[in-house]
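Structures follow.
Below are two complexes that have chain A in common, paired first with chain B and then with chain C.
Moving on, here comes the complex of A and B:
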């Protein structure tokens, strides 16, 4: 009897201890779809790198807030000269890198010079192309001189590609990233997960979490089971919208539906016949029923767009009316262009479900106006080789997730090969324009131009759907950039 | 055995009857789908998607609102077509190779053919198929070729193995004495004597072909959309299994029953045709 009492007491103690540990939970496991190829955000385009490291491990002069606004980062404040070409950044004092070295103006000079160098591996070199010189005036002051005024320089400096790295740790950055952020890199289990731990010497407010693990799960079924089993506490950018209904109905979870910067388009090879004819492109656009694609491929998550611009941006113009769903009119346009019986083309689809499912729906919609598509499902590597670099495609579906990327339409060699000198002039004027009102007008003009040229079929703005444990707070619902910022994440007590 | 006796024996074999009925059901479905399906499989109806089986849609609808019964009927077409051509390739290339190897037993030709077969056999068949479709791009044609290629050694070995003992028979000797060349002997005397075995093996390879096609389509390397394929229907249903289990159930059963049917039929045929079993005491 006594023994039973003892063991009962021990059991009670055990459960108490377990309960106590649960209440003090300060670690989190977050599922993400893709594993980063390496851990240097300044030398690769892979969004997975920023998802793990942006703001957590690495910081820039400025940084994106949860709503996409640009605020101070490692630069406390800044002054802009009257002519708009000189930016003087006042850096935060007493900031240390994770390896103990001081963060100083020379690190900023090093980082920006490295990014804009001739042999730079930076994936977004255009962000730095306007810089004439970067100088350290004193340890906490950096002066950046631009070739000409640049309207979005502070925005550019907030990108993950513009984070500040240290010359002392640059050689090993791909496997052991050393930044200034609230978390320091701890462990990378290849093929499985990356762990970061709290940086005790962080200059800003200490994060609530002590440790965070990013687990790579690309398979929708595996993501579903991991979430349901509680193996992960949150899944950022959940891969299967069809499961969200179930998560919504389950009180253990919260589904966050937010905006991304991902304009999902039916890209048209503008140089491939018959797509050189604007009437054909317009017919393709008018054959598309956007709502059917959003419902069928994304289970209702997504906002229709009529141009290559994010609807949540203040300068967005709703141009969906330029190409209403009208198969009759589309057939008439095709006949006018000399294809009364339609034609055949290829539709090459990368792996994400928006493309694979959307592709089947679009193929059916195009068939209605006589365009027969030969669908091929490609892996990303094949897609990059055949479509993105090889221009060997008629149509494809892809989401462009970079923020404010309408400028890609000014690059005649970009994969959809749209070559319009007027548009190119407009974008180059825009890049040196500083006046907010004029910038806004030019952005609207740019949106109209590509919409009225029917460059691509503009489908919908990709929604960001994340599934999180209902007790977890602070995960960004929107994705102003590819980031899972953990600094404000905490568990409900 | 006379034809009538053979037929009666066939009817007595439960395996053969059940297997043939199952296989015939799918063959009829496939044939019917050439002319008619309850609904158009290329037409999407997003509004009526994921509907459970009902009087209107007997097998329910998929995530695009397509009728699953219609898709299974057309999918049977795909499966059967791929399997027939794949077995055809395997027999067309494998049988002559096997006959040649047997005719020149122990020669360099025999060694080359058989070691070549070993080489193909050494790789897991699906791995070869995935390799071929990755290199040459996913399509129905490449899937057929891929499945056909790993059928070749199966038939080559079987043919050689069955032909070797026949070559030692007296009537072959007399044929040789009367001046018939090895090609003529192979065609006139060897081939008719191994046909039974080939038919049995063909049935089994046929069901494996259907499975292989489903597997390739499941990983996205087989028939491309919008052509329905059982394997791809399964893949599509995977993330929806909790809300629309019927989407996985029907193509799953279609694969299961067809393969079961063909295997039963194969077993039944072997019992009926294989002289060793046929003449064995009960």
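Moving on, here comes the complex of A and C:
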């Protein structure tokens, strides 16, 4: 009996000690590069909003897992009608918004209707364009009817732009977001940080963290010193790849190198001469030495791509062989197309370092085959105006960070102006195809088509490099969407 | 003194009107649309149009100018396009850092520059003077962001006496807030103190060679008395001018130091607002800065009159 008492006391002491240690380490400070402009993920494109809020504060009907798979979110299951046009979502019961109100089917109706409304300010309104109607059958059942079958509808509903919001919180959502997630919004020190705290009423497994602070540090040297001085515990998407070797060598830190959904491309204005000629585009692609760009501009982080598709996706086809680095052949192609002495064009570079550093290297590589580029560095706002909407460019470098966005090649007015009716047909067939095997075959076909048409110079898949305290677990190494999901993050004892 | 003040006030108002026109015109010609920036490259054209409409960007420029200026007059600085909260609120938050930081840095500047400048001037040609001149030359030459980085490496990364940056807010306690501003204030003060000490020294040397100082000494004042009663006061005019300029610079121009220490100050706000095309914030903050500079100059003008009675009668 005494022994039992003793061990019980010892056990109690142990748990106390453990509890104490937990209490000391239940908060985390995470550095991110950009501050969200506001806190409504459903009305802006800024990735920083999702980084802070996605699946921490706001949740959707479905949600992305760490590997990019789509699983149940606020909908615990669903049935799809035989013709693929009706989705019946069974919502989780007993879910509450952070303001204490119940989450019900009418909230889903409100959120989806708001996103697809005429005056909607949703930056990804296309996600909702196939929806014909959204109805609440009962408090835990929502029926979504589509105009036509849509193979990626569940995927679309996992996006940060499709999260479920509380109707009564809409007027204040930009400064005081009310969601259903494991963390509730606590404080925003504008220009400095955003803090979220654990939601005690969360429907799912309680997170290990009690509090998390996102600190905005865009200056690379400041990010380095903040990490080294211990001001922050992790830096998500660390801005200075040149420091990573130093962090790797330091036992206090772990460097996470993962994938993003960012296909980085040398975009070509397909409607500007001489780029209308496929031989010229092929020559440009063959002038590029992808590995040299990855090494020179990205310090070795990044995976070469030969088409507009993420290499970690199961349907990816390695097409880098379609445009091997071969300046000799590229010059021959240019001569064949009528430009034996090359030509001049513009290379317009937005601010990210992949573009600015990569641009210098690409300009040198193009010079090898006789193409002279006039480089201009643009701010994003200028880039949007001149390149994206004005088509006033020859070449530009951009990373397309949206997941599964090969469909942009089916829009003839999209900024690289690729107009191929067969490809457009393929994408529209794909969008109504539900059979996994056929979808896979069509996706592969789509990748081949744009690769063999040399629409753009396909450079590399952007890597995600984060630096974290070696005792911190659970930060996603990959970025299937722009999110710093905290639900699985914890400290090692 | 009254007529002098009124005249100065009149030119102050005229400057403000001209500044508002220039600022608005500059912002008008900047390319780039705030709505497309906010919605990114996947947005549909109708979404961008809806947002432009809500932001009031479709109204003609003269209407927007009048709306903006009449707002300013009544203290309404408009609503930020990106943050969607009142500009005045955002500016007050930023001023809670930028203003104390500027005052802190300027105080350090004056505390160092005055004694050093006076010491060098009164011991002209001595070893002290030479070393002051050499040190201040170095202080002017060193880029302050480099000095800031050096301090971060030593005091934050190695010694861990300070945070590498950031600002805990005034509600975290006065001492914590002041501590967070200390390294940035020193970094800002270094070149300013060097400049001011040199100005102080040369200005004092000029007045010390004036006839009235010789007269004062001839009347029997000691060197120290002549310095305090006559030389110092006359030497202050150029020094005040520099202090006025320095304060304006510290308030608006600390952006590089704000970046090094990731402080959410006014400079960073303007920079961010420009790149996001949050035009209303840019316009209003620049206007507030213009106002601040004009007020500082006005106060400096008044201070001239205070140290130099001749200026009062001339006006």
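General observations
The working rule: the second predicted complex is superposed on the first by the 470 of 493 C-alpha atoms of A that agree within 3 Å, B and C clash if a C-alpha of one lies under 4 Å from a C-alpha of the other, contacts with A are read in each partner's own complex, and residues count from 1 in each chain.
As a working rule, a residue touches a chain if its C-beta (ideal position, glycine included) is under 8 Å from a C-beta of that chain, and two chains touch if they have at least 3 such contacts.
Quantities reported herein were computed from a predicted structural model and do not represent experimental measurements.
Of the two partner chains placed by superposition, only chain B is touched by A:245; chain C is not. By the touch criterion defined above, A:321 lies against neither chain B nor chain C after alignment on the C-alpha atoms of chain A. Within the superposed three-chain model, A:421 lies out of touch with both chain B and chain C [touch as defined at top].
In the superposed pair of complexes, A:384 makes contact with chain C only, with no contact to chain B. In the superposed pair of complexes, A:357 makes contact with chain B only, with no contact to chain C.
Residue contacts after overlaying the shared chain place A:367 against chain B, while chain C stays out of touching range.
Set side by side, chain B and chain C differ in how many residues of chain A they touch, and the one touching more is C.
In the superposed model, A:296 makes contact with chain B only, not with chain C. Judged by the touch definition given at the top, the superposed model places A:221 against both chain B and chain C.
Common to the chain B-facing and chain C-facing surfaces of chain A are residues 221. Of all residues in chain C, only 31-34, 36-44, 46-47, 50-51, 54, 82-85, 90, 93-94, 149, 152-153, 156-157, 160, 163-167, 169, 259-262, 264-265, 268-269, 272, 275-277 touch chain A in the complex they form.
Partner chain C is touched in their complex by these residues of chain A: 35, 37-38, 44-46, 118-126, 174-175, 189-193, 215-219, 221-222, 225-226, 228-231, 351, 379-382, 384-386, 388-389, 398, 400, 402, 405, 408, 415.
Residues 42-44, 46, 49, 63-65, 137-139, 220, 224-226, 238-240, 242-243 of chain B touch chain A in their complex. Every residue of chain A that touches chain B in the complex is listed here, in rising order: 220-221, 224, 240, 242-243, 245-246, 292, 295-296, 357, 359-361, 363-364, 367, 374-377.
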